[in-house]
Amino acid sequence: MNETIRVTIWNEYRHEMTKPNVRELYPNGMHHTIAEGLTGNFAIHTATLDEPEHGLTDEVLANTDVLIWWGHVAHKEVTDEIVDRVASRVLQGMGFIALHSSHYAKVFKKLMGTTCSLLYRDVGEKERLWVIAPGHPIAEGIGPFFELEREEMYGEFFDIPSPDEVVFTSWFEGGNVFRSGCCFHRGQGKIFYFRPGHELYPTYHDANVLRVISNAVGWAAPVKREALRFGKAVPALEVIQPKI
Amino acid sequence: MNETIRVTIWNEYRHEMTKPNVRELYPNGMHHTIAEGLTGNFAIHTATLDEPEHGLTDEVLANTDVLIWWGHVAHKEVTDEIVDRVASRVLQGMGFIALHSSHYAKVFKKLMGTTCSLLYRDVGEKERLWVIAPGHPIAEGIGPFFELEREEMYGEFFDIPSPDEVVFTSWFEGGNVFRSGCCFHRGQGKIFYFRPGHELYPTYHDANVLRVISNAVGWAAPVKREALRFGKAVPALEVIQPKI
Amino acid sequence: MNETIRVTIWNEYRHEMTKPNVRELYPNGMHHTIAEGLTGNFAIHTATLDEPEHGLTDEVLANTDVLIWWGHVAHKEVTDEIVDRVASRVLQGMGFIALHSSHYAKVFKKLMGTTCSLLYRDVGEKERLWVIAPGHPIAEGIGPFFELEREEMYGEFFDIPSPDEVVFTSWFEGGNVFRSGCCFHRGQGKIFYFRPGHELYPTYHDANVLRVISNAVGWAAPVKREALRFGKAVPALEVIQPKI
Amino acid sequence: MNETIRVTIWNEYRHEMTKPNVRELYPNGMHHTIAEGLTGNFAIHTATLDEPEHGLTDEVLANTDVLIWWGHVAHKEVTDEIVDRVASRVLQGMGFIALHSSHYAKVFKKLMGTTCSLLYRDVGEKERLWVIAPGHPIAEGIGPFFELEREEMYGEFFDIPSPDEVVFTSWFEGGNVFRSGCCFHRGQGKIFYFRPGHELYPTYHDANVLRVISNAVGWAAPVKREALRFGKAVPALEVIQPKI
């Protein structure tokens, strides 16, 4: 529990290249801002879409305990091969943290099995994230709520499976609510969806946001167990002869 | 599934007696307004705090499929004997719908096991209830959201066990969110907590509110099964001799 | 709630054609045995793999409230186009009941997002299905448990998302347990996975099994609501001006 | 996350005093056997029923992160004052692990709000505990299942609220199943119910059982957050004036 967690932060890394106002907020890309902002016993690696195999080789994934993902305009450019590879690793135990517009990332949608659609509006309104699971490790160190002065709005209905735990619910100035911090168990892996992070706002410089992501890495780190076994040839299959 | 559901609507019935502005909204008490507003194949009975045994005799409860409850200033006057009687019937299968300030009703707190505390403010602000379980029978006939122009605010953290299903989440003008429609399975019974209904507003005249309560009655009605059996003397206790 | 539910029973219908012992149990195919055994206000239609579009045309699906599915050896022959069509209808509200080996049906796996793998063994052992959600409508009319004298074993770990409700848990003579009756909410639709039904045993002639499937049809029937709306152009998007 | 967790192990400590065969298994009481068997960065304290205030003074509880509880024949002797004190501390964040016959402990029943009844039989049959939440920290280091050669049987229906997570489901030789490892979030606290531990068997000497309890201590330890705040006087209550 106290060992170093190997984190890979994956970023599409397009907005920062093409939009000056985004580059100003994240000069080296959001992935580096997040990498610098996380606190914990983490060994952090980064990867981006335009690297070979999107930077997510078998070797990289084999050495990743928790994968953080940010994508938006280029979801379609992520190859199905890499999507399958990542999803498979999640089911085997790798933690997966999907940020903001990654609700539409291929790998997230594949793992959810639903459309992952939602309502949205970007007028830079205020967001308040309320803690509704106060005993959850992802809420550690967070007050009853925290605010982001300007964010894009995401609103319900959010077409995801009922989360196993909802840690945060957002209030938006314009009249909407959203399940903003959602935990899912899939196979041997754990998934956390965290809503904030529109590229036009300095969200990943926010101390509470960074704390939540850091907490989520700790929560999502794999437990140490042997691989799951399925099918016919397993030790448990002998028929038991009761002695009673 | 198509049989008449026997509904008892229980009301503390104190505000209507002592506050003119409440009496104006609910001249015969909220229980009668709700009784007249429900739609479905229901046989409706009412009961109030000041009747003998609070109107909840063994006979009344034995003939109740779903009990609706509204209380506020007089929770403490409900005797423990009646609380135990009602809670016991719920675990045996009777549906229970707790309205608004009944989050603090003794019977609700007993069934939840938590404080059921929350944040509150009454400035008559707007409430928007968003449907976040669109396939749930309690949401039938309701749009993506509905509004109440003026209501008391209840805000998170709401100290209840994680509901088995959250059907509605409220947005409040003043910056708060709330799990406003919460389903719980307890024993053989089903419980629905529904937030709206401050006595100073015409909430129980609202068509959406009445539709939700009507739907909830259908959902909470008992399934037909034999009583639960516990302990030592049950047919399943013979030890099985495998033939394999 | 009292209206006729339009049910389509889909069967791969291969084992009955090729294996005499299966044909003996289900001379006209399992779909017809199930169709004859269901009780309720249902209008029942059947469809099979080898019909054009597998019998699941847009028109058939548009007129189906609940789709029951049995597949085993020919999952791969179901075209991706039909899989997408069915999954999409489920998210829009159509109920879906996956029977036994349909845990590996393409459409079920797609909706779950996991491998849906499990342990299995077929030695014709005894299965006992215990009710662990006694207030659930799918358990109506069922005792504390019911037994199937001979069945194939499916054992945990069953690689599905945590069900929203587990109605039955199976005990198997040979030492295994299984979540045998699993409810899932997805989009506006409801999904029920029900474990029993190996083709070599007379499972679909069993009164309890038929009762459970009948109950599940009632539970999974769509609620009446408008279609889900996503994206930017929705009425709720006006920003609210508080009057306080 | 890496800090010492302060654990108090509470034992009724009666069977060990009165029954020689129990004393033989647990010469200093089960609490000491468990204390010696736990592994982790724990500071362990013990307490028993017959101490003043049952060993659970305000000071002891204020210095307890996780309380482990074993009771059986003397549930009624635990005073309501101490029950309320413990339950209140759990809602404030203290972890609580209820072992075996503590399903009927007053504090557990109070926190659950249900009867917590079940089926039981003691013929010393085999129990197999299957992991059905393989990514859960409480399952760390445990195989697909583990066995106890002789245990008392507890069977469904177990009258508890639907657990937030079920980590283990037991198979019993005699034909029963049971949700044997159940997680509950209540207030700011976390509760784990773990089934094994009849006093007549050497269950608390079993390496898997001890591993599970050790894991559960880690899971149930409080997160660091300020106390929950309720009522009217909270910072979040200012009404927000949107700037849009």
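For clarity, chains are labelled A, B, C and D in written order, and residue numbers in each chain start from 1.
In the analysis below, contacts are C-beta pairs under 8 Å (C-beta built on N, C-alpha and C of every residue); 3 or more make two chains touch, one makes a residue touch a chain.
The structure displayed is predicted, hence computed values, not measured ones.
Asks: Quick one: which chains contact chain A and chain D both?
Replies: The common neighbours are B, C.
Asks: Regarding the chain C and chain D pair, does the interface count as same (over half of residue numbers shared) or different (under half shared)?
Replies: Both copies, chain C as well as chain D, present the same residues to each other, with over half of the numbers appearing on both sides.
Asks: Relative to chain C, which chain has the most distant C-alpha mean position?
Replies: Checked the centroid distances; the maximum from chain C is D.
Asks: If you average the CA atoms of chain B and of chain D, how many Å lie between those two points?
Replies: 31
Asks: Determine the centre-to-centre distance between chain C and chain D, using the mean Cα coordinates as centres, and give it in whole Å.
Replies: 36
Asks: For chain B, jot down the residues that touch at least 2 other chains.
Replies: Touching at least two other chains: 123, 125, 128, 133-134, 144, 155, 157, 162, 164-165, 173-176, 185-187, 228-229, 234, 236, 239-240, 242, 244.
Asks: How is the touch graph of the chains shaped: line, ring, star, complete or other?
Replies: Topology of touching chains reads as complete, every chain touching all others.
Asks: Flag every residue of chain D that touches chain A in the complex, lowest number first.
Replies: Going through chain D, the ones touching chain A are 1-2, 93, 123-126, 128, 133-137, 139-145, 164-165, 173-174, 185-190, 218, 222-226, 228-229, 234-236, 240, 242-244.
Asks: Residue numbers of chain C touching chain D in their complex, please.
Replies: Contact set of chain C toward chain D: 128, 130-134, 144, 155-158, 162, 165-166, 169-172, 175-177, 179, 239-242, 244.
Asks: In the complex, go through chain C and note every residue touching chain A.
Replies: 87, 91, 110-115, 117-121, 123, 125, 155, 157, 159, 161-162, 164, 173-176, 184-187, 228-232, 234, 236-240
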